[in-house]
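Paired with subunit B in one complex and with subunit C in the other, subunit A is shared by the two complexes that follow.
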Partner chain A sequence: MVKHRIGLYLLSFLAMLYLVTPFLWVVLVSFMEEREANQHHWIPRQPTFDNYWPYLAKGSVTDEDKTAGDAVGGFTARQFPRAIINSLINASLVMVMNLFFGSLAAYALARVDFSGKFVLLLFYLGTRSVPGVAIMVPMYLLIRGYGLLDTHLAIILAHTTFTLPFTIWILKGYFQTIPIDLERSARIDGCTRLGALFRVFMPVATPGMIAVGIFAFISSWGEFFFALLLTSSIGSKPVTVLISDFAQELQVDFTLIAAGGVLVVLIPIVLAFIFQRFIIHGIGGAVTG
Partner chain B sequence: MSKHFGDVIAVDKLNLEIDEQEFLTLLGPSGCGKTTTLNIIAGLEEPTEGQVFFDDQDVTHIPPEQRNIAMVFQTYALYPHMRVFDNIAFGLRMRKVAGDQIKTRVIEAAQAMEIENLMDRKPRQLSGGQRQRVALARAIVRDPRLFLLDEPLSNLDAKLRITMRTELKRLHAELEKTFVYVTHDQAESMIMSDRIAILNEGKLQQLDNPEKIYNYPTNMFIAGFVGSPPMNFFEAEIRHENEKWQIRGDGFACSLDAETGRRLVHNPPNIVELGIRPEDIGVVTQSDTDPTDVSAQTLALADEYVPGWDTSAEQCFAKAKVIVREPLGSDLFLALELNGATFKVRTRPNIDFGRGDIVSIALNPAKFHLFDPVTGSTLLQPTK
Partner chain C sequence: MSSKLRSDHIQQRANHVFALVMNLPALTLILLLIGYPVIVSLWTSLHRYNLRRPDTFDFVGLMNYVTILTSYDFWHSIGVSFYFTAVSVPLTILIALGIALLFNQEFIGRGVFRALLLIPWAVPGVVNGLMWMGLLGKHGAFDTIISNNIKLFNKLLGTNIDYIGMASPVVALNAAVAAHIWKNVPFACIIFLAALQGIPSEQYRAARIDGASTWKRFLHLTLPWLLHPIMIVAILTTMNSFRVFDLIFALTGGGPGDATYVIAWQTYKEAFGRLNFGGANAYSYLITIITMTLAIVYIRLLYRRGSVQG
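Presenting the complex of A and B:
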């Protein structure tokens, strides 16, 4: 029996290794100097923070101010803070939109019986099966038609469109696990319909909402394709697109890119770590007394 | 009052008047409309037609938060994100009662339900019985004008259920408030209620006190629903001869007793459904020590007995075969078979008939219930 256990743990360890190692390598490379990185070894002999400074450097980020020294990727790196801010703005607002509209829709779908309900749900599900590439041209034309190219709003609208159906599905399922007797009890106790919603339903629904919110945030943060399509200048470029700009440089330090990669992923990882308890509970279902 | 959900008629023209301080139970099988009715009384749903009055006030369109009622749910519906104290205090806070008053009243209610040591716990840390008590405390703390209880004991284990029945009855007597109670458990309703309103398929079947419902059910549904084990039914013929009513079934025959004959409606049908409860059928054994037993003389009579019409027998004998023996400790139930009909008999635990034995039984004519086989309604008028 002990043998079984060891086998299982070993397997799990190997699986974890398989998943984590590539990223681990990137993290390690980000602390190396260029020549070390080309030597194919793991632990940096001379660890350095040098790859991170360019990302925090001061300096103008408009296209006209490119200097020669920026040729090795320094310019792109300098734009990083701005791109992070763009990503933060986009992802946060996408999260807010998802939570607001998603919870309203999910509540109605979970609690109210109306004709066409099933069709609507299938419709939401159906939107998920349309590949982004198929609608990229119409989307581009639509955004351009509204004069929204290269704005935050464009990305927020696009991302909300893609994440909202999933949010609604998850929240609807989650809301349905919350017994309706709770709201009834609150009303009998003296709350109005709305009062019952905010004082009793919302607190119980919070774990699910947090899970869905984090998911929307991370989805938006990591999205590349439509972000690339709809933005061009650093004023609205999110970090995923900026990273791809490294490909345009003449010659780039791989270690520099590694550092950039770590920074990009850092924020969602930290968020997921903080809220992991809610994510697990949220997808599971409400715990009630 | 009626309630329709699309094409489904959940409650069909229900007329009900509940007395002040009464303990009224809405009893019926699943889907009979009792919970819907309770929700309408609470204001959680609005009737499709009809009105709801509290005393002289028409509350039909008044929302539940303004009706000053309390409700206890089958699932208790405790607020999971609040401590027990806050759960109980919630209603008072909604009504903007002063802080120190809240504290006093909450503790009082908690002491009444013996949960004063659980105040800081969250609902998920409580057992089923404790949650039940919290739900009750939450109801009584507000001193409402009406208590509504929706199968509050259904989720408790059998033993706890029995204890809580007594608790609730005691509570009702102490609080002197009106209780409207919903259950599908007929034993529960018999034990606890002042009156029972039996519902089936949205319609009111009978509204009476437990004794009347048990002894004078107005239709076959009620007769079969109330009482455990349920009433036995036999197809039978009746006829009027020599100033007497006689009844004959497949394997038994006798006269109806005088009282039953008097209560029989005018022009009853020839074929009837005879209902008789397990405890109203006696097993004929040789015993002169137990006064509830049919005596040895009767045993002789039973043995000679041949069923036919020409009997003016006042006792209704039959011979049946034992199929199952169900000892319950305090009672013994025998499932018997008579010419294809199966039925149950309750008797003393020390009777030793077993499977396959033929027993003589005596059906008590004074306890016959007669029903119209087509409509199911009783053929006996109520006693004055």
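Presenting the complex of A and C:
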């Protein structure tokens, strides 16, 4: 039995190493001077905050006056705070729209008997299997046609559309685990259908809503393809698109890139940690249920 | 009697209206931004349309498809994508399954382990690409480890293997696969963990009383229970592998040469590199057909297994 325990801890430790090491290295390198990073050790001997200063530097963030005085990658770094705000706006609104539209659709699918329900479910599942790259050209032309290129709205619409099918699917599964008697008794007490939905049902469904909400937020925060396609200026560029500039610019110190990576990941990781339980139970449970 | 029938009828009608109204916002958005583009995409794929000559929009039938299906570019990127998928999907499932079985045990600190599990999931694809570029680039942590080991290997066996890191097509492609697996393991793991928690513990107790070994319990109890979730994970990760883009953009840019030209990258280049919108839409359709076919195959397998399982 003791041997079994030791084995368990050993294997869990290995699993954790696999999951954590790559990103841990990035975090450690972000606190090193470039010279030190090239010496192949893991723990910074002289920890420095220097890689983070360019991200907090004051200065213009518009594309026109790119100053020559910047260090390599400095201009991209200077635009970061703005891009993080853009990402926050996008992801928050994508979350809200997912919760609102998604819960309405999922409620009907979970609670009401109607013909065509199966077809509708298949339709939602089918749209999930359409790869983004397969509709990029018409999507781009459509958004351009409405004059929405390079706006927050374009990204919010694109991300909402692509996360909605998953949200509906998960929420439907979650809603079905909630006993129907709850709304029945509310209806008997004189509640309207929508009244029962919002006053009685939603509070009980909160854990599931939190799970899909966080999921939609993190999906939007990390999405790159449509963000790249639909934005061009720092007024609307989210942080994933901005940091991808480092892949195009040559000779950017990796220590600077590492600090940027840490900044991009900070918000989703904190959210994932806080809502860990909801995510694992809500998403996992509904998919397998 | 007839009034009851009528009220049933009214109720049914009310249900229909209610369900439709509730689904309307989601449906409108999806039809507008996915449905409409899918149809336009089909239409455009049948035309000669290049943004360099935006006024030309000639109907050419299936010519774009013929051009693509007889081109080296298409078959090369299909090959790359199939390799990418064929390696990453089984490995993702195996690693995630192993970790889920571990983290499903009860031990002190399990909560912390489960929280750390979400790290790769929270890292955006682009950042993941940049991260592995650093890890495997010059002076990167993994680069150092690999080259030291190869030096040692050469010394011990007298071989002469030259490790050139990401400049090697084989290394670059497999690095992309490794990075993709790392990011996709947590999601698969979440699904497996939830499924494992659903196994009724009485069945385990009964099996233990019957004297079944750990391995037998896994084979006859856990694994059958996990078949359905494994299939779901297989579908989702296959789709993810076939559409991988952000990782390639940040990690390799398709290179070295065309070693990591996955199908999504090839399509993107066709559209926004060559501005050949007609051809790109034909590519798009071929991708959609491939992923849909794979999804259908999986779903059929899923239902066949499901009926056996009961």
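Just so it is clear, the second predicted complex is superposed on the first by the 273 of 289 C-alpha atoms of A that agree within 3 Å, B and C clash if a C-alpha of one lies under 4 Å from a C-alpha of the other, contacts with A are read in each partner's own complex, and residues count from 1 in each chain.
The working rule: contacts are C-beta pairs under 8 Å (C-beta built on N, C-alpha and C of every residue); 3 or more make two chains touch, one makes a residue touch a chain.
Worth saying up front: this structure is predicted, and the values here are computed from it rather than measured.
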{"item": "Touched partner set for A:Ser244, first subunit B, second subunit C, both or neither", "value": "second"}
{"item": "First (subunit B), second (subunit C), both or neither touched by A:Pro22", "value": "second"}
{"item": "Subunit B versus subunit C as contact partner of A:Ile135, first or second or both or neither", "value": "second"}
{"item": "Contacts of A:Thr192 with subunit B and subunit C, given as first, second, both or neither", "value": "first"}
{"item": "Comparison of subunit B and subunit C by subunit A residues contacted", "value": "C"}
{"item": "Which superposed partner A:Gly147 touches (first subunit B, second subunit C, both, neither)", "value": "neither"}
{"item": "Intersection of the subunit A residues that touch subunit B with those that touch subunit C", "value": "193, 287-289"}
{"item": "Contact footprint of subunit B on subunit A as seen in their complex", "value": "179, 181-182, 184-193, 195, 200, 203-204, 286-289"}
{"item": "Subunit A-touching residues of subunit B, taken from the complex the two chains share", "value": "42, 44, 63-65, 69-71, 73-81, 90-91, 94-95, 122-124, 126, 131, 138, 142"}
{"item": "Subunit C-facing residues of subunit A, complex", "value": "5, 8-9, 11-12, 15-16, 18-20, 22-23, 25-26, 29, 37-38, 40, 42, 100-102, 104-105, 107-109, 112-115, 117, 120, 124, 126-139, 141-142, 157-158, 160-162, 164-165, 168, 193, 218, 221-225, 228, 240-241, 243-244, 246-247, 254, 257-258, 261, 264-265, 268-269, 271-273, 276, 279-281, 283-285, 287-289"}
{"item": "List of subunit C residues in touch with subunit A within their complex", "value": "12, 15-16, 18-20, 22-23, 25-27, 29-30, 32-38, 40-41, 44, 95, 98-99, 102-103, 105, 107, 111, 113-127, 129-135, 137, 139-141, 144, 182, 185-186, 190-195, 198, 228-229, 232, 239, 242-243, 245-246, 249-251, 253, 264, 267-268, 271, 277, 280-281, 284-285, 287-288, 291-292, 295"}
